[in-house]
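Some structures are shown below for you to check.
Each of the two complexes below includes chain A, the first together with chain B, the second together with chain C.
Coming up: the complex of A and B.
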């Protein structure tokens, strides 16, 4: 068992190495240079541009840049081109800001997707099923930013309250409970918007998964035993139907550093998605590469965790040593 | 059934919890009306956050907005764009000019040149009222001496783009020089003096004064080491006394010198280096006088002193070392750029920094001891809202007082009685540039015809909703340098065809223009992502095709556009824009020496008369003379049409109607005044007098 784990770990380490190379390389494949190096600024002489390139290590060969980059990243020396602030604390702060959106959004997705999916599956081809199908596909198709604008305009015009940012602007002083409620309110719209697509997609999965299970032999057996319909559906069918979703929990982890560019931009949310987006626009390599790297690493961790989880919930799956 | 109940209860409870939070949040009315403090708090929203709050290091407009309130420069621009003293009470611009004493030559009277004889000769001429020495106040002798210097020479190997260099040691035998102190800067001084001395300066051979082991010293290198003549313009600033930094420390000449030094330190990576490169030295003369000496004539350098002045006592070597040690970093490797000062700045400006939440807001509070009196507003908040629509909603709801409104938003809100609007013309212009290295564009008639074929007014009316004005040349229309006598081309496709026919382009059987069997065909390119440029591209293509020109269009990603096409001069025609400054210097954009790769005269414009004017303009310190030359240059460039000058965009600033200026009369009664735009259309000139009133106190306009 342990040796198998070690083997997996070793493989993942290799993957990590390739991830580090790709994260580093991908932004460098895009044309352009950091926005500080502005060739169209009439005041800039080639010497000034060269000075920037030197300070940003861009004058060195690529492999040297790669080595320096990760060395600086892990020693905490790495600084953003934009404001010379250390990258790690910056990422942590932004992650922390995005966290409430992520958590509330995830809770909403899982809370709504399951009842919806199960209900549509149980009442397959009923009016309810059809109407949810229409709504769900509408939600998947409507662009998030459009929905966001509609919702913001509606809420602002009807209820006259602030919905933008982490909290009501100008109320920084309030403490305790009021602050909590204020912040909760500001999470509502962006997380609902962030969750809509998730709810729509996940509920479809749940529906099809449930349908598959409902038509299986053991459900028929349960029914034949004379169990009442609720027990059959929610005890026997649902449990097995949920199996694949357990592993999805682990795959959520990379979402932690993903953030949502559009929602965060519209809601002036100082989250990690916005940081990454603005960094890409200004070719702030340290931020972009670190973000790529951490996102990829977390995905790696997520898949690993999901494999392990699957082992826990489904006894048929076991680790075996590769030849 | 527990599972079934959970499935229904969980979403219900979560939703209820989230929605009930609404009842604890104040409405906009509560916030605006119930809070008298809102009237002395000014909130502006911006789409981007500041990056570095240090005027010597910042290059972005958001940082500049904050730095402008926290720091003061020595000078700034008055309502009419002339210079006005801020931290400097007054200044004096004069010149120190140097002439090498060449003892191998003879004076016009036949005697051998010595420093004394030369001075006596010139003093006599001055006493006789010779016009060449009209501005000279003093002639002194600066003794010579020897020094050792390193020069860079070409080494074998390397490529033309990256030549190898090596350093060679040379001994410079600096001959004695005459130093002329002149009342005013006169770029023609040496020309006149040389005439008076019968070509004396032309005969000076600088290579004689440079001694090297190997024969590597070219005349150019020698002239750089021992210039036969040298103009040193000097600015003498008298500083304002009793000005305090926000921490109570008094501002003085040392701070000015220090600010300059911060820019010159390479580790600081200051984007202002090129602005201050012409400065030779900054010397404090006592606490309240600073002498700035320039290496050469460069008039646009003066405006750079509008840059904010840093506090030396907080950023000097010792303080930086202390900070580095506190942070556990290497003190020898810790520059001003690394200092926490850049995120909590201290200046002499009307507002002091108090808080910065990255990508959320920056809060400034007024500085009670500001030398011009504390501002009326107690707080300035710079709130970051990246999305234009949300910014508009915030403004509309009254929780912000100003935002960067886009043209279509202005249309929606400008007639709302709750807001006031100010139209302003931009400093930049858009143009179509023609690559004059291409044979088809070498004929000025072709370039003119192309311009005449485009209905620019139509572009302004329909693409820009009228939010632009035509322009005829390279200067901002608000400055004196813009030549109002230059008329724009009429829209005249017929005339364009006639011009093309004159140039030899005639229609063939298929209706396409051709000359000697060659069709008139080229590609017009621009960068992707700019909808207006894209629209202009389509309009131009359509107009030109109607004349019978085969025009292809292409838009490409910005970095590719710049790196692969513009920088390498690999294009036929392009649509771009320049953001202009307020100075008259166009050297980098239009001088024929700037046509190489990665230089900004990428259209390859060359005209010796324009070249001469551009050089003289940047060396001219007299505003009237500079204006006259700039207008000539404008006329020349408009005639040559290296670009089709399209338009200057207008922008409209929206502001809450309740924002007014409040000044106190002698008996302390408040008087309310409307906000007046400066000559550029900027409205913040009187920002320190701004205040919000509970009710509008001024009627429209």
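Coming up: the complex of A and C.
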């Protein structure tokens, strides 16, 4: 047991190392040194160059630059090019803003994907199955920003509520219930849009997973024993079919961060995705590198958690790996 | 499986190869066939678009600016007094209207069809090539240990699956955005970057298939004949592992078209003068209230084509998976 844990931990450490190298190396893809980006740019002054040199220690060898970058990041010395604020607190603040969207979006995904997938699998090739297949795929086939604009126009014209931003501008003072209502309206649209891709992908996985399980012998045995259909489906089939989804939770995290770039830009939501987009626009490299690094690390922690969970729920894995 | 045992002893009348069986199962799924038709139509439109809009004197010129005729709704006739005779559209009518510069949206959509198609196709081609090579190596040479000097650090399989884990951890859209922003958006950069970040699925499928296939008799036979490793992978293993690759390639083209349109929206898409459906859509959204056709036409076109690819790919996946295939 302990050796398995050590093995997993060792592998994750290697992954973390490569993640940090790639995050740091992406910026080096720019032709020449980062300090020489677009020398014709009139905004490219000696002060800017000096800032690059200071932030990235360009006069040192490459491995030293790498080490110093992460050292500065974690000691809070690394500052954003744009407003000279330390990177770490800035990221944490924006992450905090994005949290409501993540939570509501994740809840929506789990509440809709499973019933949809199971219902589609049970009534395979029925009209219901076909229509949900098409609708679910249509939702991820529309470019996200197109769907967002259509939804915004629809909601604003029908309900006459403001949906852009964290809260309605100029209504900061209103307290209690009204404030709650206002915040809720602003959370709904972006989190619904963020959840569509997750619902579509997850419900398809649930459907094919259920289909595989439904045809297996032990489900037939359960039916033959005379159990009622609900017990067979939810207690026998779904439980076993659920196993692979333990790993999927973690792999949905990068989608949430990547998808939030567009959604938060449209809704002017001061979250992590918009911070990333603004940083890219203003070539604020410390933020861009750290954001890539932390998003990937977060996913890595998620996969670590799901690996451990998997070992708890499926004893076969434990034995297999220990061999 | 008792039922399978029965059919085996009864000896079915015709022996069909697995791929024929899969094809039959696919054709029975009418939604999937509709998806395939949508893809075929898109392919034809893209080729037609290349023929009609390229060259020095194209039949339909997507770059002809007619400022007198801007924002004409679909099916409107050109203003013959203000526009010089040689600039008039060949069709004599603006089939899908004109945009803010008076360019013919129909011609631009035709041109964009080919550009969008090639972005999807080249990106997926790169992803599939990397996926097959890395997945093939991981599956076949996975047990070989590599390292520096006498120190055998890890097996090939550990290295490649580790690399897959690394790429799966990154938020791929943000990574693509970062790279495109650093490298400056150009159509080639976008294709390469999308390809370089989306090979993980193919690699995993190929690796899994090869792990399942490598112990089978026909591979042992190939070894006994003295066939070399790379040849066994390319001639014997990969062709048998093609089904999941095809599925993920179909889904990948859809994904690449969507990614390009999302990049266009953020201002990092294929730069003008090349038209893609993504940048027509993201330019058009600025005039959503005055000229809604500039948004609705490319938006709907992307929806139909991407939906077609998704349904087609999903149908293929079901048809190739014997467990999911419908029993006759």
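In this section, the second predicted complex is superposed on the first by the 262 of 323 C-alpha atoms of A that agree within 3 Å, B and C clash if a C-alpha of one lies under 4 Å from a C-alpha of the other, contacts with A are read in each partner's own complex, and residues count from 1 in each chain.
By our rule, a contact is a pair of C-beta atoms (placed from the backbone, for glycine too) under 8 Å apart; a residue touches a chain by one contact, two chains touch by 3 or more.
Since the structure is predicted, the reported quantities are computational estimates derived from the model, not experimental observations.
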Which of the two partners, first being chain B and second being chain C, lies in contact with A:178: first, second, both, or neither?
-> first
Determine, under the contact definition given at the top, whether A:149 touches first (chain B), second (chain C), both, or neither.
-> both
In the overlay, answer first, second, both or neither for which of chain B and chain C A:64 touches.
-> neither
Touching partner for A:299 - first (chain B), second (chain C), both, neither = second
So, does A:50 touch the first partner chain B, the second partner chain C, both, or neither?
-> neither
Touch check for A:83: first (chain B), second (chain C), both, or neither?
-> first
If you stack the two complexes on chain A, which partner ends up touching A:275: first (chain B), second (chain C), both, or neither?
-> first
Identify the partner contact of A:265: answer first if only chain B is touched, second if only chain C is, both if each is, neither if none is.
-> both
Chain B and chain C footprints on chain A, overlapping residues = 30, 149, 153, 265
Parts of chain C lying in touch with chain A, wherever the complex brings them together | 1, 31, 158, 162-163, 165-166, 168-175, 177-179, 181-183, 254, 258, 261-262, 265-266, 278, 281-282, 285, 288, 295, 299, 302-303, 306-307, 310-311, 314, 317-318, 321, 323-324, 326
For the chain A and chain C complex, residues of the former touching the latter | 11, 14-15, 18-19, 22, 26-27, 29-30, 124-125, 130, 133-134, 137-138, 140-146, 149, 153, 204, 208, 211-212, 215, 217, 251, 254-255, 257-259, 261-262, 265, 273, 276-277, 280-281, 283, 288, 291-292, 295-297, 299-300, 303
Sites on chain A touched by chain B in the complex | 30-33, 36, 38-46, 48, 51-52, 55, 82-85, 90, 93, 104, 107-108, 111-112, 114-115, 118, 149, 152-153, 156, 159-162, 164-166, 168-171, 177-178, 181-182, 184-185, 187-188, 230-231, 234-235, 238, 265-268, 270, 274-275, 278
Please name which positions on chain B make contact with chain A in the complex.
-> 1, 3-4, 7-8, 10-11, 14, 17-19, 21-29, 31, 35, 38, 41, 43, 48, 51-52, 59, 266-267, 269, 271, 273-275, 277, 337-338, 342-343, 357-361, 381, 383-387, 389-390, 393-394, 397, 399, 557-560, 562-564, 566-567, 588-589, 598, 600
